[in-house]
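Heads up, the next two complexes both have chain A, just with different partners, chain B and then chain C.
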Partner chain A sequence: MAIDYNRTMLPPKKFFVRPRDKMLHLKNGKWENGVEEESLVLFGVHSCDIHGLKILDKVYLGEPVDPYYKARRESAFIVGISCTPDEYCFCRSLGTDFAMDGFDLFLHELPDGWLVRVGSVKGHELVWENEELFEEVTEEDIQHFRECEEKRAKSFKRKLSKEGLADMLDLAYGSPVWKKYADICLACGNCNMVCPTCRCYEVCDKWINAYEAVRERRYDSCFMESHGLVAGGHNFRPTRLDRFRHRYYCKSYFDPSAGFNCVGCGRCDEFCPAGIEHVKVLDEVRGSLQ
Partner chain B sequence: MMGKLKLGVFELTDCGGCALNVLFLYERLFDVLEFYEVGEFHMASSLHENEHYDVSIVTGTVSTHRDLEVLREARNRSNYLIALGTCATHGSVQGSVEMPIREKLKAVYGDESNPMRAMDSKPVVEHVAVDLAIPGCPYNKEELYQALMDIAKGIDPVRPDYPVCVECKLNEYECVLIKKDLPCLGPITLGGCNAVCIRSGLGCIGCRGPLPGEVNPASEYEILRSKGYDDDYIVRKFKTFARWEP
Partner chain C sequence: MSENPYLSYDARILEVKDLTPREKLFTLRFVDPEVGENFSFKPGQFVIVDVRGFGEFPISICSSPTRKGYIQLCIRKVGRMTKFIHRMKEGEIVGIRGPYGNGFPMERMEGSNLVLVAGGLGMAPLRSVLWYAIDSGKYEHIWLFYGTKAYEDLLFRDEIVHLLKHGNAMNCSVKLAYEIESPSCIYLERGFSDRVCKGVVTDLFRGEEFDVENTYALICGPPVMYKFVIRELSNRRLSPGRIYMTLERRMRCGIGKCGHCIVGTSTSIKYVCKDGPVFTYWDALSTRGLI
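Let's look at the complex of A and B:
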């Protein structure tokens, strides 16, 4: 088990909204519901990904509630773990480098064990039932925890200027920087597929034999030409430039009440074949306004 | 239910793999035969009914005058025509050789005579209108299965609109382009293959042809150049299965 990992390719979202997810099963001429409930422990989730799940909760647990997501979310026990940022991380700029809630237990590494924060009733119950595993926190532990967090805070190499980001984007719709990057963007959708906050999906039916089928949903990407296509043939985002820009507005501009749809995990940068960097694009767009 | 649909399978110039691959549906072929009866399928049946077909599958490129006649017959006699495999949809390897037929004959045989009445190899889609094009060398059997079942039930088959990368990520395969610097054409190649080559740790060779719409080969070219591949190698890689012409 690698508890010092940087980031997984797909975020923990995949346990709640699966990359390919069976929703319904057509059998004997009737659709049967595909919701399954099985308990699940996610161990070693990073703070940014916990924030990612909180953002997805707003989408999938808001009305109308997504029954598939809800069933899995309620049966999951989440254990967070502290991490060390690498060259892609910019969660600190977005305030997602520390989770106050959204987990059951959170483990912070100490020189001689783990400092455990409890984040839910389920977490409390687990600690009570296993009291023998835990010791009281000492002054020294708190001191170590503080030192560790301070050291971590200083080790971020990437910073996103969050200041007035939405207002900046409001003014920058016509910035030439979008075109510059849309020209090197492959529109391959990798950034969407690995994003902990992307929530778009496509629903398709598949035959499994002559008379049975499954209705399946899979992750979709706003870089696909059909993503903005509606009945009647109109496309809201007909060009790659439109689609490239759209992703940045989705992450940092639309619906400010929902906060930022970006948690600074760095996946889109790490998995972009063209090496496009989220923070750099936004910085250049900001720069083009001055 | 009404009578079964009449199915024809026609082969033009190709390796034969596409027609054989239909038989490789194995037991799932029986699902298909619940709704279809074969009227013509050279590789599977001696029937040669030469009549009306509800659905026809054509594989291969038009490379001879005989191919063109077969294709025109198939089109004229069929309600729904499927171009199956990269030869039929993009021209594949034989279609990507850029030389007029007389020069090719001369280069290979030493003279320009043309007893086989060979033509410049072109995909089916450049000669006739098709109702559905399923690329792939070989194509994904699952895609053909779903399409035939959909058509039988009166559903318009879903055409993939995404590159290989999307299915690669859905399957959580390691990115061979980024992590291993392999020459992978996944970002610019039409998906639907379920990223089968990347599953085996190989780069995508682009057998399903370019992603339609605003595909960005220029950026893919620059990425491969930055990984140390030379111009000639990249251009040949791009053109193995499709000519990249509008």
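Let's look at the complex of A and C:
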């Protein structure tokens, strides 16, 4: 088990909104609910991904509640783990490098063991049931924890400047930087697939035999030409430039109730085949305005 | 099971009427009377039609909530799903979920003039407003400016021609613009030379005066139409808060989850399905990309 991993390719959203997700099952002309109850333990989730799930919560648990997401979220037990940033991480500049809630237990690595934070009633009960595995925190542990956190804070190489970002981006709608990067972009949609907060889905009915069909939802990507297409052939985002800019605007929107839509996990940078870097694009757009 | 917002309710097709070669009017009633009674909607809201095993699509309701017991959907045959439903017959069952969206603020507009500006299929949601306004009698005067390609594309032809003839008694003035000439248009134009003309919908504003302090404009049409109509209204100094438009986007869920209808930039993001589909012109000025 690698507990010192940098990042997974797919974020934990895949357990709650699956890449292919069965919603409904058609039998004898009637829909039946496709929700399957299964409990899940996610071990070793990084704080950026916990923040990512909290953003998905705002969308899927907001009224009307998505029953599939809710059932899976409620049955999941989440154990967070501390991490060391690599060259792609910029979570610290977005305030998502530390999770205050959204987990059941959070493990922080110390030189002589693990400091465990309890984040929920379920987590508390688990600790109670396994008392023999835990000891009280000492002053020395706290000191070590602090040192580790300070050392970690200093090791971030990337930073997204959030100050005035929303207004600046809006003013730079016509910036030539968008065009420059839209021309490099391959429009493959990788960044959407690996993003912990991208959640667009397409719905599709599929016959599994002559009598039964399923309604499935699948990840969709705003880089696909079909994303803004409506019946009759009108496309609301007809060019790659429109679609490229749309993703940056969607990620850079600060929702007063859900916060910033990007958590700084660095996945879109690491898995971009064209080598486009999120922070660099935004910095250049900002620069083009001055 | 009933908590699942993605599940649709059975509705029976009571009547299918050809409006034009491309558009059909479907009259539907919920099979479960209790569902029908609980289904209350406002003009401008939409439903998602669920053809089970084939897919779903959003369609605005084109009947008025004042006419109870049924809902009507005007559906143009443009794609795979609409082609499918066009083959359905009276008595068959489709799924309906909704209503979704905000709808037009009918209460706020009470006592004012309404200027309805429709282009092509944009007549469908505005028909709901039109009959709501006429039936309730709570509005000062109603103008309907309706532009179509040709007489053959005129939706709800009987009703529109009836209002053209007898609208005054209902405080309603209807004006029509068409782009392609045909004998029927010329016949209409001869009878109502002041109200039917060849041209585009903005030509119909000519010669009309309305008190901008006491008027609301409601617009629905193809995407290209909005800016021309808004320019016409703005020239008359109608406030951006008094111009309502209902917009179209790709929608899969109708409840703000699937992400397709997100519009805007870093300063303002709107979901057309749940924040709209009715927006004011002020919303369009403050959220880039709405129109």
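Here, the second predicted complex is superposed on the first by the 284 of 290 C-alpha atoms of A that agree within 3 Å, B and C clash if a C-alpha of one lies under 4 Å from a C-alpha of the other, contacts with A are read in each partner's own complex, and residues count from 1 in each chain.
In the analysis below, contacts are C-beta pairs under 8 Å (C-beta built on N, C-alpha and C of every residue); 3 or more make two chains touch, one makes a residue touch a chain.
Here the structure is a predicted model, which means the values were calculated and not measured.
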Touched partner set for A:S47, first chain B, second chain C, both or neither:
neither
Once chain A of both complexes is superposed, is A:C204 in touch with chain B (first), chain C (second), both, or neither?
both
Under the stated touch criterion, which partner chain does A:S82 make contact with: chain B (first), chain C (second), both, or neither?
neither
For A:G228 in the superposed arrangement: first (chain B), second (chain C), both or neither?
second
More chain A residues touched by chain B or by chain C?
C
Just checking: does A:S175 make contact with chain B only, chain C only, both, or neither of them? Give me first, second, both or neither.
neither
Given the touch rule stated above, what does A:T96 touch, chain B (first), chain C (second), both, or neither?
neither
Please work out whether A:G62 is in contact with chain B alone, chain C alone, both, or neither, and reply first, second, both or neither.
second
Just to be sure I follow: which residues of chain A are touched by chain B in one complex and then by chain C in the other one?
204-205, 207, 226
For the complex, give me every residue of chain A touching chain C.
23-24, 26, 29, 31, 33, 35, 59-60, 62, 64-67, 165-167, 169-170, 173, 199-205, 207, 213, 215, 217, 220, 222, 226-234, 236, 246, 249-250, 252-255
Residue set of chain A touching chain B in the complex reads 9-10, 14, 19-20, 183-190, 193-194, 204-207, 209-210, 218-219, 221, 224-226, 239-240, 270-271, 273-275
Could you list, by residue number, the parts of chain C that touch chain A in their complex?
1, 3-8, 52-57, 76, 78-79, 81-82, 93, 95, 222-223, 248-250, 252-253, 255-260, 262-269, 288-289
Residues of chain B touching chain A in the complex
28, 30-31, 34-35, 145-146, 149-150, 155, 158, 161-163, 165-166, 169-172, 174-175, 177-178, 186-188, 212-216, 218-220, 222-223
